[in-house]
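The data blocks that follow each hold one structure.
In the two assemblies presented below, subunit A is common to both, partnered first by subunit B and then by subunit C.
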Partner chain A sequence: MGRLYSLFKRLTRNDKYALYGYLFILPFFIVMSIFIIYPIFKTFYLSFTDWQGATIPPVWVGLKNYKRLFQDVLEGGIFLQSIKNTWILWICNVIPQFVGALALAVLLTDRSNKIKGKEFFRAIYYLPNLVTMASIAALFSFLLGYPNGAVNDLLIALKLRKEPFYFLQNVWATRLSVSTILTWMWFGYTMIIFMAGIKSIPEELFEAAKVDGANKWQTFKFVTLPQLKSIMTYQVVTSIIGGLSMYDIPQVLTNGTGAPQNKVTTMVMHIYRQGFTNYNLGYASAVAIGLFVHIFIVVLIALKFINRKEA
Partner chain B sequence: MSTLAKKKYKSSSSRLGIGDILLYIFLIGLAVICFLPFYFMIINATHNNQAIAQGLNFLPGKYAWANYMKMKERVNIWRGFVNSLIVSGVGTALLAYFGTLTAYGFSKYKFVGNKTLFWVILCSMMIPPQLGVIGFYDVVQKLNLLNNLLALIIPMIASAQFVYFVKLYLDSTLPDSIIESARIDGASEFGIFNKMVLPIASPSIATMGMFNFINSWNQLLIPQIVLRKERLHTVPILVANAKGVYRTDFSAAYMAIALSVVPILIAFALFSKRIIGGVTAGSVKG
Partner chain C sequence: MNSKFLKRAASLALSGLMITSLMAGCGNKTDPGATNPPATNAPEATTDAGNQAKKPEDFTGKLVIGHFNNDESSPLVEEFKKKYPNVEVDLQVTADTNGAYQTLITTALRSGQDVPDVFAAESAFVKRFVNLPDAYEDLSKFMSTDELKSKLVPYTVEIGTDNNGVVRALSHQATAAAVGYKREMAKKYFETDDPKEIGKLFSSADEIVKTGKKLVESSGGKAKLFPGMAELMRMYLGAREQGWVVDGKLTIDDKVKEFVKIAKELRDIGAEGALEAWTPQWSAAVEDDIHFAYAIPTWGIPWIIDVNQSEANKGTGNWGLAEAPAPYTWGGTWFGIYSKSQNKELAWEFIKFITLDEDQSVAWAKKSGDFISNRAAIEKLSKDPEMISKTVNQNPYEFFGPMITGINGKIITEFDDQITNAFQNAMLSYLAGNINEDQMWAQFKDQVRSDLGEQITVE
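And then the complex of A and B:
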């Protein structure tokens, strides 16, 4: 102890401050190690076991879970289905979401139109993003109800349909409902990000385009869009990560069943069901690792694709 | 009409072209779509099942209290609010202190590995939390924290976004010279942090604390895994179960959902400027 103290005394002032630096960041890293980093490695380890949860210790089974995973993919089981579902739900949401958000962002930042209340529109478009996803999904499970949910009532009142339609029993109606809800929830957020991006473009670039006689479309294509590239990249990457780990909306909308016929079961729903309904925690870990690898590869491909376009 | 008024009328109408009017209609229509589901939610929460079954209701009914009593019989939503408030409130408070402490450590102390460790934080932002759920469940079980709100509160400290944002804020607003002069005056390192750094960082703490509070409030998957006892359930779990609990008792279900959403709508009405300002601030740097 005395030795340690004499060592401490010999430290220069800057070294002592450095020790305080370590001390200040320590709590954060302890929590991060225990609750974020360790669980990822532990999940990887558990994917090689047959862990059934609770008190029974996991037994090493080698690649058994991964064999089952590959077999599932080859035979078109629920894991493969959940990958397809997640992609369908994400793509049907992200395309209208990004296109709509970009168009609105350009409209609301364009100084040539005399739109008043831009802040109000911005706020109300963002509102659905703030509300608890579970509440929104539960709400829509009733609004889309059959035979007299509000959506059916509205369609009949507007004479768009004669009979009520059972949305949540039709595969594509349910999928498009999930995607539409997600688009509705996220277009405002994405719009705000794009608006911030457009506002940070130097005004001179727009002036120069004007001097060169560019019309609105040309200005958009040659000034706005290239300048938004880094924000766009960030948005695409976070949207891939968030979209492929989608859970709340389809889970609650279908009451955890992924009905009809598991056509709305996402990858994370599959993990939850295998792990915490069936208590196949070992297999669920393998599915989670599969999902991790999947997201990693997709993000790499997306980044490569975006960066190649630049060159 | 006087000539002056006529002139004014004319000029303003020529300013507002047909394109602008169409644009207004479109923007207002979109605003209606954003709010309509919540409107039907509130309206249906005030009608009985019969009125809901008969068709669309546009005006509020008289059954709000009856629906509330029916809803309360099966789901203790106030208990859920208390649980959610404890988790999000205590978690955000801990994050505000320890997250800022971390940000300050990275911002003002030059120690070996500063850049590398900060890079680790940046990378951890890219990992979706759902991936480690099984391992997370294992850790929580080993620490004996299953069915304990602490299992949701403590991990909130490890918010990479919070640290990233507050560090950038401190980099640009807290000059090194202030810290130096406080040291010369004999202030301790913790004293400097508590008395000077925390107040200076407070705008950024408020912004990021708000988002972490909301994010924690809205969580579903992790609380579902950790809290298996009903008396510990947070609001999102209770609402997620509403369909199974109420089945065809639509009016009670609408009331439960409305109670979970209306506080958020009120909070947004009060703080929308701040919230949207926060979204923008986070994005430009992100």
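And then the complex of A and C:
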């Protein structure tokens, strides 16, 4: 202890300053190691074992779980289906979400139009983001109930249908419900990010465009959009990462079953089912590592795409 | 100088506070597992005769009981405390939403710490706990299996028995089930509401389809035989001769195949309402005059019928109980003693009290409406006019008593929950007309293979 103290005294003022810096970020790293780094390594270890999660300790089985994972993907098993599902759910969500958010962002930041109460709209559109996803999903499962949920009652009352429609047993109806909930929840947030991006575009560019005689659409296409590229790619990347780990909404909407016919099971739902419903924790860990690799590769590709464009 | 020191002290204190608040979730892992010595409770092997010398008031100590339902467990513990006034009971209730209770017990078992002395298991996962090593204690140390089976309804003991034939958990309930029907609708469409006559309408697959057809025709398509497919499914699963898994292999009993056939027929003729069990619409259908029959277990009278009836209709005898094609069981809660508990003697007193004590069973049946598993009590209550349920105008003990010993508890396996769920999902798609029967079986088997392929073989 004494030696340490004398060492400490001999450090320069700058060193001491840096030391304090390290000291203050240390708590974060300690917590992250315990709750994030260690579990990742433990999961990696577990993926090579067979473990039922209870009193019998894990049994080393080598690559058995990974073999099963590959077999599943090659033979079109449930994991492969869940990969497809997750991508479909994400794409059906991200396209309307971004288009809508961009349109609204442009509208609400445009100085020339006289929409009253822009701030009010900004707040309103952000509101859905504050609601928990699980409660919305539960609400939707009531609305889409068969044979007498709210939507079915409405359709029959308006004479648009004679018999109730079994929404939650229809693959695309269920999928689009999930995507709709996601779009509704996130378009406000995306809109605000885009608005910040548009506001940061230098005023001179817009004035130059005006001088050149560009109309609204041309301004958007040639000034706004290119300037928003970096923000948009950031949004896409974070959306991919969030989308690939989609869990709450399909879980609550289908009550964990991924019904109908496992066409709404996402990758994380599959992991949860394997690990916590069926106690196949070794295999679930392998699937989790598989998901990690999947997201890693996708993000690498996305980042390469960004960097190439910026160059 | 002073303010600088204060600033530094304040910032260090603040960051220290933030770190400790982050650690709050860690919980105290201060006792190493070694302080839980394994059963040095060799004197535990005292037979019941030895304990009879002790009176309930003589028992002291603390008992920790784990349960997942407060409404069910609190009153039980109250009764126990009345009879054993010097025992302190700590009831820890964690609801089993998304398996939270199961995860709690499983992780506690794994770490060997904070496991309650007595913990409950519902029928959906009792077999899993019973077969988990080091979970439940062998109860034959306290009373022989044969004696247990003679005093309690046999199938409840069978369900609490592990794959090696060791009894590890007992239930204070016998959740036999039958067909619950609405008397008004019975009188309207079948000219009688007599339970025996209605029972005939459900006596075989052909009869059921015939009844469904008759109901739909005479009501002009309005009335339905069952609110959903789960009702008939439960009846048929209970009537099986073999469970879902035999010798480690997925087994599809003939009754299951028969069920698939009838379920499709009933849905196609419009005799089944496509409601999913436990949804608000299903609960609301208890009160209407459209859905004729429900699968009603012993606890269904208070928890399915009564709770969903309007005030005006409660206790007016507007429902009835008729025999299902075969006696079946649905639900129930089992209790067992933690194998490494320090309080096994006390824990056995609790289990003995709620199951084997005849007076307690009778009192409990009258107080809670539960159907108890104590055979002597059942015998007594079947002759007691006080037990005639106002809801169905029949004495459930008189009704279920004769059939209860015939229920086969050996067809329940630890994989039932997952397999039945996979079956139900596949059936929902099949009945909705989105897949054909071959696809239904394929989906069912694929799901079971994916869920349980490491533990059972699926062809």
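To be clear about the criterion, the second predicted complex is superposed on the first by the 274 of 311 C-alpha atoms of A that agree within 3 Å, B and C clash if a C-alpha of one lies under 4 Å from a C-alpha of the other, contacts with A are read in each partner's own complex, and residues count from 1 in each chain.
Just so we're on the same page, a contact is a pair of C-beta atoms (placed from the backbone, for glycine too) under 8 Å apart; a residue touches a chain by one contact, two chains touch by 3 or more.
Predicted model only: the values in this text are computed from it and were never measured.
Once the complexes are laid over each other on subunit A, subunit B and subunit C cannot both fit and instead clash.
Within the superposed three-chain model, A:G145 lies in touch with subunit B and with subunit C [touch as defined at top].
In the superposition on chain A, A:F24 makes contact with both subunit B and subunit C. With both complexes superposed, B is the one of subunit B and subunit C in contact with more subunit A residues. With both structures placed on the common chain, the touch criterion links A:F276 to subunit B and to subunit C.
Legend: residue contacts after superposition of the two complexes on their common chain; A:Y166 is shown touching subunit C, with no touch to subunit B. Applying the stated contact rule after C-alpha superposition, one finds that A:I91 touches neither subunit B nor subunit C. In the superposition on chain A, contact of A:S245 is made with subunit B only, not with subunit C.
Once the two complexes are overlaid on the shared chain, A:I78 sits against subunit C while remaining clear of subunit B. Among 186-194, 276-284 or 294-302, the region of subunit C with C-alpha atoms clashing against subunit B is 276-284. Overlap of the subunit B and subunit C contact sets on subunit A: residues 24, 27, 31, 54, 142, 145, 148, 276. Across the complex, subunit A is touched by residues 15, 18-19, 22, 98-99, 103, 106, 109-110, 132-135, 273-275, 279-281, 418, 421, 425, 428-429, 432, 434-435, 443, 446-447, 450-452, 454 of subunit C.
Remark: subunit A residues 14, 17-25, 27-29, 31-32, 34-44, 46, 54, 104, 107, 113-115, 119-128, 130-143, 145, 148, 150, 153-154, 157, 184, 188-189, 192-193, 195-197, 200, 231, 234, 237, 241-242, 244-245, 247-248, 251-252, 255, 268, 271-272, 275-276, 281, 284-285, 288, 291-292, 295, 299 touch subunit B in the complex.
Within the complex formed with subunit C, the subunit A residues making contact are 24, 27, 30-31, 50, 53-56, 72, 77-78, 142, 145-149, 166, 169-171, 256-257, 259-262, 273-274, 276-278, 280, 283. Note for the complex: subunit B touches subunit A at residues 15-16, 19-20, 23-24, 27, 30-31, 33-35, 37-38, 40-41, 44, 52-56, 98-99, 101-102, 104-106, 108-112, 114, 117, 121, 124, 126-139, 141, 154-155, 157-158, 160, 163, 189, 193, 214, 217-218, 220-221, 224-225, 235-237, 239-240, 242-244, 250, 253-254, 257, 260-261, 264-265, 268, 272-273, 275-276, 279-280, 283-284, 286.
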